[in-house]
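In the two assemblies presented below, subunit A is common to both, partnered first by subunit B and then by subunit C.
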Partner chain A sequence: MSVSANDNAAKVSVRGVLAKYSVLIAFAAIVIFFAIASPTFLTPANLFNVLVNNVVMLAIVALGLTIVISSGGIDLSVGVSVDMASMIFVMLLAVGYSGVVGVAGGLGAALIVGILNAIMITRLNISPFLATLGVLFIGQSTQQLATSGGQPIYLTSGYAADQFNAIARTALFGMPTPVIVLIVLVVAVHVLLHRSVFGRYVQAMGAQPGVAWYSGIRVPRELSMVHVLCALLAGVTGILLSATVKSYVPLSGNAFLLDAIGATFIGTTLSRERKPSVIGTLLGVLLLAIVKNGLLLVGWNFYWQQVGIGVLVFLVLAASFGLRRVAH
Partner chain B sequence: MSASVLHTEVAVSDEKQAAAKSAGRRFGALVVRLGAIAAFAAIMAYFVIFAPGFTSTFNLINVVEQSAILGVLAYGMTSVIIGGGSDVTEGGIDLSIAANMGLCAAVYATLLSMGYGDFLSVLAAIAVGMAVGALNALAVVGLGILPLLATLAVLNVAAGMELTLTQNTVVGASSPLLGVLVSGSFLGISALAWALIVFSAIMIVVVHRTSFGLRLYAVGGHPEAARAAGISVPFYVSFTYVLSGFCAAVASILTVSRLSASTPGSGELLLSVLAAALLGTVFSRRFVPTMGGTLLSVLFIGLLANGFQLLNVSSYWVNGVQGALILLVVAITSFARGSEGSR
Partner chain C sequence: MQTAKRDIAVSMTGISKRFGPVRALENANLEIARGSILGLVGQNGAGKSTIIKVLAGIIKPDSGSIVINCETVSSLTPASVEKLGVHFIHQDRLLVPTATVGEAVFLGHEIGLGPFASRRAMERRAADLLKRFFGMELPAGTLVKDLTTAQQKVVQITRALAQKASVLVLDEPTAALVKREVDSLFDVLRRLRDDGIAVVFISHYMQEIEKLCDRVTVMRNGTNVGTVDPRHTPIGEIIAMMIARDVGEMFPKRSVTLGAPVLEVSNLRLDGSFENIGFNVRAGEIVGLTGLLGSGAKEIVQCLFGLKTADGGQVKVEGRELSLSTPVRAVRDGIAMLPEDRRAHGVALGLSVRENISLASLRRYSRTGMVSRGAENQAVDSLIRELSIKTPHRDALVRELSGGNQQKVAIAKWLSCQSRVYVLDEPTVAVDVGAKVEIYNLLNRLAGEGAAILLLSSDLLELVGVCDRVLVVYRGRLAGSFSGSAMNSDALLAATSGARSNADGVAA
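Coming up: the complex of A and B.
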């Protein structure tokens, strides 16, 4: 009798552990699989390529969403922040401004999106989902109006191209500048979210908004900050994106939205309470990036990649949620 | 003695305040509902006066036709939100509905172009749509994955399968059924418009006039209470996702008939579907999602796009105005709700 009880307890805890680390296990399994399936997968050149092309930009957007989702909200307008930063940045360079002015302008545009979200959510009491959905629609219209229906702007030569190269093609301490930017932002957001007073407020608002309010946290102020930070981070991605592809393609930022939400929530499976964390989010981004790259190397065509990613994310979520449900 | 008097006085004044508040609350809610409808009416009046041909029967039927696809999808989304609760991150939502429609359309058009008849092709499209819905149901109900996440993963699967099936190309399609949908009419109303009218009628009756619909609201409003009352919560929630898949399949046949083909890019409809389903809550007395409210907001979005077209306003404005209206309507709603919430 007691043996079977012990057995049960052991099983439950094994399941709990499996649930907790299902993402890590999946991650390891996928890396091993692709390492065997494709000889080029584990080469430094390929891993570097994944980091620069698939990880950096998505990770920065996902960092912003991690903050917002920690606060109990959502930001569907991150794509607009990416696009607006990209648009203003490229437009300023197109008329001859320097890279510094362009970056400032781009971040300023993202800031405006963030402030708009913050006002909607904290002053007008609109739910984050609807507020940012509305801003998303407005942002799409703005871009279409500003580019006569979505004409891309290419700046592939001349002064502007040099400015782009100065951002995207230079190296600091032997690393490409975008990677350095990512590392700095990861550390900054980690400290902010997990080691600062602000972070505690954000977590409190996410866990118990009412209690946070009664505890004297100035919820509107902190929540505004959360949305502004998210928009600014997305703006950084917009600038890196434009500098890398030397152009502004309208409405391209939305491609980040679903992946970033996916990465953040995959990251939440690391914690028992399903709280987002910077480490978890990074793991989610890496998982998505490696699967995309691996499927490409194995020779799956582009269309199958999306199916593969969907199935994989589904399985990881199923393992994590399903096992934990059994464990409880 | 004095303490008890004080106490009574406080209680009395509390009661008065509460009464005043609840009256204010009711008044506020009324203002919001009337305000939303008045805004609706004002915009329509503007179009009636300034947009040439806006009120012609031909144009109005055209709007209903154009709204058919969005409407059918929005009903699916509304049912999921009713059954799953309207919480932002944990509530019911089906992000895969538009991609599912794309997949069903691809299946339908591909089978037609391979020479299978209407019967088999429609059956296959509906089977695929409901299978995708069942997958969502399995993930949400069976595995307990957050709907937002589960349907996000399924969105990728469905969109990817559509791409593999069509290689990102337009698949032309024609069949007797499509012919009827395109050019058939009854009592002077075209087949597509009939499709929306009939579908709306069925949804409104089922959700708002049957005990089934009442139980569905109970499940979404308070799952524990529903369970205690003996309602099978998992069944009802699963049902909404499968229904949503069914709606996607029906919408796919309508979209193939409108375009005479299955075309890539149907995923873009997702945001409009969400907007329609969420905007619809404003038209209900207690700000809950209702089928009638969804129908009104779908028609509103359709009339808005149509009016702009007739006024020769660039279509680039439509999204923005739609977004601004959502914000406006929801801001007023949450203002009324705010006075409701602060008890």
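Coming up: the complex of A and C.
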């Protein structure tokens, strides 16, 4: 009797451990799979490439979306913030302004997108989904109008290129600037969302907006701040993107939207409390980036990569849900 | 008055039920006749809803017998009661908002082949029934959430009829309806009665009882104290039967010396709702505010907290005039609000006890915008202890707590703010008796510490038991202020329901 009870307890706890670490286990499994399938996958050069090209920019956009989704909203216009920052940044450099002015101008452009979202949501009471969808449409057209139908701007040589290099390549402790920016922003957003008064208000608005309002929280103001922060973070990605590829390609920011939403929700699903979190979002970004890169190395073309990502996301989430249910 | 045996649809005799030390039902009897509308009235806590819950199979009685359609039933469950043809239309609508009318009518009894529900067949049958019983035509596939509250009631009734209901119990069905909808609902109920269905109608509105019911059973202190014909019995007499003379130890006694006025309201006006409202609440005083739905009592409270912007008048807290534009300002000015809809406005179910309690006072536990978890934990723990909030730990989700404990969390949020004025909107709705007493004790303690308390409630016994003074609002004006021996349920009930003013045709 007592033996079998012990067996049961042991089994349950094994399952509990499995459920608790399912993300890490799935992660490890994916890494091992690609390491076996492709000899280049686990090389430092490739991992560095994944970090710089796939993780950093997506992660910064996803950080912004994590704040917005925590507040119970959504921002479909993050791509526009990326593009607007990128466009103004590149245009300012193209006419000879310094990198500092360019960065300020780029962030200013993203700020305007954020303020536009904030006004529509908090003053006109339009739902975040529709408001940011509207801004998405307007932002896309604006870019096409400003670039005679979507002509990219390349600045591959001269003063501007030097400024780009200064941003993209300057290294501290052997790390390129974008990676350092990411680390700083991850820490900052984590503290803001999970340690600060503002973060607590954001969580309250996300959990039950009526309660936040009835508790004397300045909901419109906090919500405006949420959308401005999200746009600014996306703007940072826009600047890093342009500095890396030395160009501005209209509408390229949209590629981040679905991946960033996906990463945030994967993070939400994997978290214990089922709430968006900075750590969860980072895990989601890493998962997406590794799977994309791995499938590329294995030789799948772009379209099959998308299928592979979809299937893997399902598998990881299903495993997590299943194990969690067993654990309870 | 004697009714032939075969005409009795439901007969409940000698029903008793205790919850701990509280007697909810004591040897109560209820007889429901076919082809007649029975009113069921009584103060809150008189046992109306308990005896209905016993009939619905939700509460098991300690003793007593129940005969449904000449058949003695021993253990009732909600499902077995429905099978016997007894259906309940509860106060809160219990329809799936995104279901179509057809799906709502046949929920749980879907028409179709095996596991496949035939939506088209259900829509058609539902449309047939609605047309046949109520002459109501709705576009095929209309969603429940697009219906008016009255239409939803009708859909619920149709659901009961679709399953061959012989007894229909409606709990406060008119609470959220406008006059015209009430009239059409009454027509529906009369038609059902004429078809031989037994209807039970629970309402606080005496005029409705008088207008609709063939008989009315009055409950008091957990038992039935009489059944009369409302058309031949003056309302005053029914009210006299309802009033419990002994309030008992439900309401803890207290003795407080009142201080200076803390909340001063003068000439407050909200167009279309109320006007010329003026009153004070002194330190240590508990002032009750009551009135029927639509009387303006609720709107007064909403204006005080900045949820609605008053069109005129002045509100002062400790001598300072308030702007009262938003709850943000109200909270800063020291007004605490315990809202009626706890789940929407009182506590965030998805947040922890800790996060809820500190939500309105985070600035106290933070430095340079960062929350100091140590200070927060300490304050939250001491409030959990002080209010004896039953929670596994401070980080448990509020969702996991009972209704009474959720309400205590909502109160703790304001204690943590050290508010001066507490405005409570129906604080004991959907809270069990034990938790009610705890909340009353808490109010007494707050008052004892010098807070000014304004208690909006429709529970007259609660008002009499807890308050130093009760203000009655009738049609947007203060119809009276009652204290001392003048503050009794008779007087309050008369003033709120306008029975007195109706009698001589003049608004008070």
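Keep this in mind: the second predicted complex is superposed on the first by the 291 of 328 C-alpha atoms of A that agree within 3 Å, B and C clash if a C-alpha of one lies under 4 Å from a C-alpha of the other, contacts with A are read in each partner's own complex, and residues count from 1 in each chain.
The criterion applied here is as follows: contacts are C-beta pairs under 8 Å (C-beta built on N, C-alpha and C of every residue); 3 or more make two chains touch, one makes a residue touch a chain.
Nothing here was measured: the structure is a model prediction, and the numbers come from that model.
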- Message: Just to be sure I read the superposition right, which of the two partners does A:Gly310 touch: subunit B = first, subunit C = second, or both, or neither?
- Response: first
- Query: Which partner, once the models are overlaid, touches more of subunit A's residues, subunit C or subunit B?
  - Reply: B
- Query: What is the contact status of A:Gly299 with respect to subunit B (first) and subunit C (second): first, second, both, or neither?
  - Reply: neither
- Task: Could you say whether A:Gly134 touches subunit B, subunit C, both of them, or neither, answering first, second, both or neither?
- Result: first
- Query: Counting only touches as set out at the top, which of subunit B and subunit C does A:Leu124 meet: first, second, both, neither?
  - Reply: first
- Item | Contacts of A:Gly174 with subunit B and subunit C, given as first, second, both or neither | neither
- Query: Taking the two structures together, which residues of subunit A meet both subunit B and subunit C?
  - Reply: none
- Note on the structure: The residues of subunit B that touch subunit A in their complex are 88-89, 95, 139, 142-146, 148-150, 152-161, 163-164, 167-168, 271, 274-275, 278, 314, 316-324, 326-327, 330-331, 334-335, 337-338
- Message: For the complex, give me every residue of subunit A touching subunit C.
- Response: 191, 195-198, 200-201, 203-204, 207-208, 210-218
- Message: Which residues of subunit C touch subunit A once you look at their complex with the stated criterion?
- Response: 305, 327-328, 330-332, 337, 339, 341, 343-351, 355-356, 358-360, 362-363, 366, 369-371, 413
- Which part of subunit A faces subunit B closely enough to touch in the complex? 69, 72-74, 120, 124-131, 133-142, 144-145, 149, 258, 261-262, 265, 301-311, 313-314, 317-318, 321-322, 325
